[in-house]
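Structure incoming, see below.
Note that the chains are named A, B, C and D in the order they appear, and that numbering of residues resets to 1 at the start of each chain.
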Amino acid sequence: MKIGLIGLGRMGGNIARRLMQAGHEIVAYDRSADAVATLARDGAIAANSLDDVRGKLDSPAIWWVMLPAGAPTEDTIAAIGEGARDGDIVIDGGNTFYKDDIRRAKLLAGKGVHYVDVGTSGGVWGLERGYCMMIGGDTGTVNLLDPIFDALAPGLGSIPRTPGRVADVVDERAEKGYIHAGPAGAGHFVKMVHNGIEYGLMQAYAEGFDILKSKNSDKLPEDERFDLNMTDIAEVWRRGSVISSWLLDLTAIALAKDGKLEGFSGSVADSGEGQWTIDAAMEEKVPANVLTASLFARYRSRVEHTFGDQVLSAMRFGFGGHVEIPQ
Amino acid sequence: MKIGLIGLGRMGGNIARRLMQAGHEIVAYDRSADAVATLARDGAIAANSLDDVRGKLDSPAIWWVMLPAGAPTEDTIAAIGEGARDGDIVIDGGNTFYKDDIRRAKLLAGKGVHYVDVGTSGGVWGLERGYCMMIGGDTGTVNLLDPIFDALAPGLGSIPRTPGRVADVVDERAEKGYIHAGPAGAGHFVKMVHNGIEYGLMQAYAEGFDILKSKNSDKLPEDERFDLNMTDIAEVWRRGSVISSWLLDLTAIALAKDGKLEGFSGSVADSGEGQWTIDAAMEEKVPANVLTASLFARYRSRVEHTFGDQVLSAMRFGFGGHVEIPQ
Amino acid sequence: MKIGLIGLGRMGGNIARRLMQAGHEIVAYDRSADAVATLARDGAIAANSLDDVRGKLDSPAIWWVMLPAGAPTEDTIAAIGEGARDGDIVIDGGNTFYKDDIRRAKLLAGKGVHYVDVGTSGGVWGLERGYCMMIGGDTGTVNLLDPIFDALAPGLGSIPRTPGRVADVVDERAEKGYIHAGPAGAGHFVKMVHNGIEYGLMQAYAEGFDILKSKNSDKLPEDERFDLNMTDIAEVWRRGSVISSWLLDLTAIALAKDGKLEGFSGSVADSGEGQWTIDAAMEEKVPANVLTASLFARYRSRVEHTFGDQVLSAMRFGFGGHVEIPQ
Amino acid sequence: MKIGLIGLGRMGGNIARRLMQAGHEIVAYDRSADAVATLARDGAIAANSLDDVRGKLDSPAIWWVMLPAGAPTEDTIAAIGEGARDGDIVIDGGNTFYKDDIRRAKLLAGKGVHYVDVGTSGGVWGLERGYCMMIGGDTGTVNLLDPIFDALAPGLGSIPRTPGRVADVVDERAEKGYIHAGPAGAGHFVKMVHNGIEYGLMQAYAEGFDILKSKNSDKLPEDERFDLNMTDIAEVWRRGSVISSWLLDLTAIALAKDGKLEGFSGSVADSGEGQWTIDAAMEEKVPANVLTASLFARYRSRVEHTFGDQVLSAMRFGFGGHVEIPQ
């Protein structure tokens, strides 16, 4: 198929390459002419504006927007929508808030334009491993786009099939690494929860390694200390343990380079999805202590002291004359 | 009554004074001769050793030990126990772990010595307000000591009586500010949970003020900011609001001095009781998310970054090539 | 002053009464004619429609809307705004989300109408104790309304003044129990955080009493149990302890009636404010583990089992063949 | 090597089988004569008492104790220690608290007996996949036992090697699935933290699936609902996503059988390790909000209502006259 790919960053560029490797045609556009030129050398059709892309696409036109969530995606999809014709398809492959998808899909449906949201996991490893995709949109359109998703997905690969699944297949695409989750917004909703879970998993490992590392600390009495090796522990857990995972693999790689992780200060960013997941939990009245604590640990990692900490110190001084302890 | 008071720090000294004001006699001992001399000027009988105290007490001897929990208390009580006679009474008024009380009470009972544990709340304000006391020990001994507890307690004072309580009194001492909670250990157990709750209350206020203060922050877009006044907010909540409390009073005092609390860095200590409360919760299989989060917030306040934070950063770099954000 | 009071429920009715006691005139309206009649017997001017209220108010008209947040308040204020004249004042005394205040204030400002939001704490006790109020709006209007707020507030009363505050007064109204927190929305924002804190305080006590109560449980080995008396413990903490508070007073009242609280099943509701407080924390990137855990504990209290619990059981069965334990 | 294997339950029996498959000899004993007979049919040397085992072992004797933690393990190791000779080796392969290991190792060292603790992960899948082992003990003994551990471990298998590890090997055994973590106790300490992490990972998935499932709930307004398929979502995440893991594989298996997990009520047990991990965190002053919340979620899953919930309801009734909501 012929796809207009808007946004040739790390993710967009690799998606374009994986699609071309599978025989699809890419009309490529990015604000950066360099990024366009680079991808053109890999076989893409270069474009220098959204209009230029449109002129080079078939009818119905298929657009894949791969831009930062928020204004860049919003404005681009609005501009595409302006000039779109009945039957055109706009795919948002970024990290959009699912309620924005629902709103946009309604808006575009008024002009006969189909909106598809694709939550994509796999990061920079996707070109090699394939992308896990969670897709929202109307069934006809999602089915029409199947060759695109099939090309991007990891496929069955070497991962063992789930026992019990083979006989009674629900959505066979799931085994290839993509699903049609529901109407517009459902793709990004599932991806959002995926990222919420990711925060929780990461924090569980983080706390565990912190407890291990601190057991070596000279703040403990000498006879209570061990001398545990973080690198070997991460490695051994990859082998047959209940907590083996891809995130643990990444941890093992980092610890193999430096068991003290001295290159990392520990100031940890969060994207919108962690927060939106908690919003969803609260809308649904679902207790989500672990996912929330994971998000808050990241907030906390980015400040030296909170005003809350100062309030605590002030109270302690008030009732007991306690002075603060030196760190 | 005549009481040997061991440990004349901030708490011990004030307890001695309040007892003397009520007509009790104090035989005072502390490692610091200065502390003894100071209290002697206020009317205490000075002693220069535990043996000296013993010689100056009646029979049965009544000891009130008011020392830091752990070795100082443990060793002192052991030494008192060595020379104790049948019928003597040892009161531990410090912050001892309640299982240590149970152990000691059994040990001393073997020699006919009565052990009483008194959990005391009120801090440096106790001399003026009186001390809230939670007492563990055998009923006969606790009743015998009633004049001491009655003198230390705040009494009915100006605090309105609890409706419904007047008619059907359970333990009338509760209204005067002390209770016999149960056998040895029960006093410190109740005091331990009291402190666990205190951590939770403090952290609730701390988080609330943090959310208020951060609403003024220039990290927010200008049209989302307020310019809230912490000092006035603390004050207004003291007046008729559902969250008025003594801890809020202390917060209001601190914020009246400096609404930015710049004198406090926010490095917050914790004593053993918060931790023991969580231990008890786990032994009883009681979920205690708030009390635990309060304790952990204090741990977190005392380090710049955790190894866990670094592990998160390392994983994020691994799967997405994300570099850390500057603070 | 003459005030149109819309909504004569528990809160609205008592506010009207307290205003009339201070000499203000109330034009009263409620969907329920009975509620209007009841208040008319207490001295209010009865009205049978919004238009009727308008006809009976002076110019500029002062409206106090005291309705459930959401549609009832929204629709009523829209209807008042329709017929409002330049200089009129609309007060929302309910539990409105502060972003709705900001939106409404802008809208009404277009017609010269002043919007004031009043967050009110004090519950059913307010008639007697007075209401603690956090007020948002333009300064001129808030000052104009001062006689109203002054009448509703608890005043200095018997609560001791905050040391250090007397000399260097910031907003003298704070000591009387109300503050002008900032522009429209600021009042409800501060009230929202107040309720967030309230959840945290309540949960801290709840967990503490749970740990105390469970120490009596026959699930513990007999020699690890106490026989603690919840009623007396709540009472004694009211007297001189660091954790005395109005919420503890309420707990003591409940436990004086029934130490087992058997009349309460433990299914706990939450209003919007707890959730909005967490939203605000996330917008500001403030870690708020305690306030969030408090909210989630309420969600959890209202379901028998979560799907998450079932997922845990399914995993445990998967890796270890563990079957579920009977409760 | 010849090993006396005490305890032929699910774990012990499979360990014996995997050892025999690798050519080791097993002298098998269990309280259940049936269990002994079953294993004897698979090639083990049957024994009918500890003394019988001892008589059938070489010198130095090697014992592998695979019993429930606590009294069964404690008593058995004491009994083995009674009759042990200089140079004998006792391996505790169960889930012992690491401080018990340290105590026992000291005790046995007095008689020249070597104590080795082996934390084992892999559950019922270990016979097939091999066991991931974390080992504590003195270096000479652990090295001597290497053929045993090598036989039980999964080995390199099909799991890709960690990049960066190959060139600069730390402990080459880690890649085969076992490590010598440190002196006695270190093995079980690392295994304990492993299980703590496991709780956190499980709870992260559990909360995520709860948020997904609840998005289908008819408690939400109809236009906010999706109709998400749990089975397919678990499956698709196994393929190329960042959160793929063995625990997710297990979840996918369970959901392939029944997407509603109706066979599971959601009453979730916890073993000692989760609790001990929090104890360790507190001893080290490490904030561990996620691991703790995971543990508490299990406690909560096993009771219908907490006394804490009732306290909340009682307070709400007190300040607002709120009655409880029906579930």
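The criterion applied here is as follows: a residue touches a chain if its C-beta (ideal position, glycine included) is under 8 Å from a C-beta of that chain, and two chains touch if they have at least 3 such contacts.
Keep in mind the model is a prediction, meaning the values are calculated, not measured.
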Chain at maximum distance from chain C, centres defined as averaged CA atoms: D
Chain pair with the higher count of C-beta pairs in contact (B-C, C-D): B-C
Distance from the mean Cα position of chain C to that of chain B, given in whole angstrom: 31
Separation of mean Cα positions, chain C and chain A [Å, integer]: 39
Chain C-chain D separation of Cα centroids, rounded to whole Å: 47
For chain B, residues that touch 2 or more chains besides their own: 123, 203, 205, 207, 210, 214, 242, 246-247, 253, 285-289, 293, 296-297, 300, 302, 306, 308, 319
Of all residues in chain B, those that touch chain A in their complex: 10, 123-125, 202-203, 205-207, 209-210, 213-214, 246-247, 250-251, 253-255, 261, 264-269, 289, 293, 297-298, 300-322, 324-327
Touching residues on chain D, where the partner in the complex is chain A: 121-123, 126, 129-134, 153-155, 157-159, 162-165, 168, 170-171, 173-179, 181-183, 185-186, 189-190, 193-194, 196-201, 203-205, 207-208, 210-212, 214-215, 217, 219-220, 224, 226-229, 231-233, 235-249, 252-253, 256-257, 259, 277, 280-281, 283-291, 293-294, 296-297
Of all residues in chain A, those that touch chain C in their complex: 242, 275, 278-279, 282, 285-289, 292-293, 295-297, 299-300, 302, 306, 308, 319
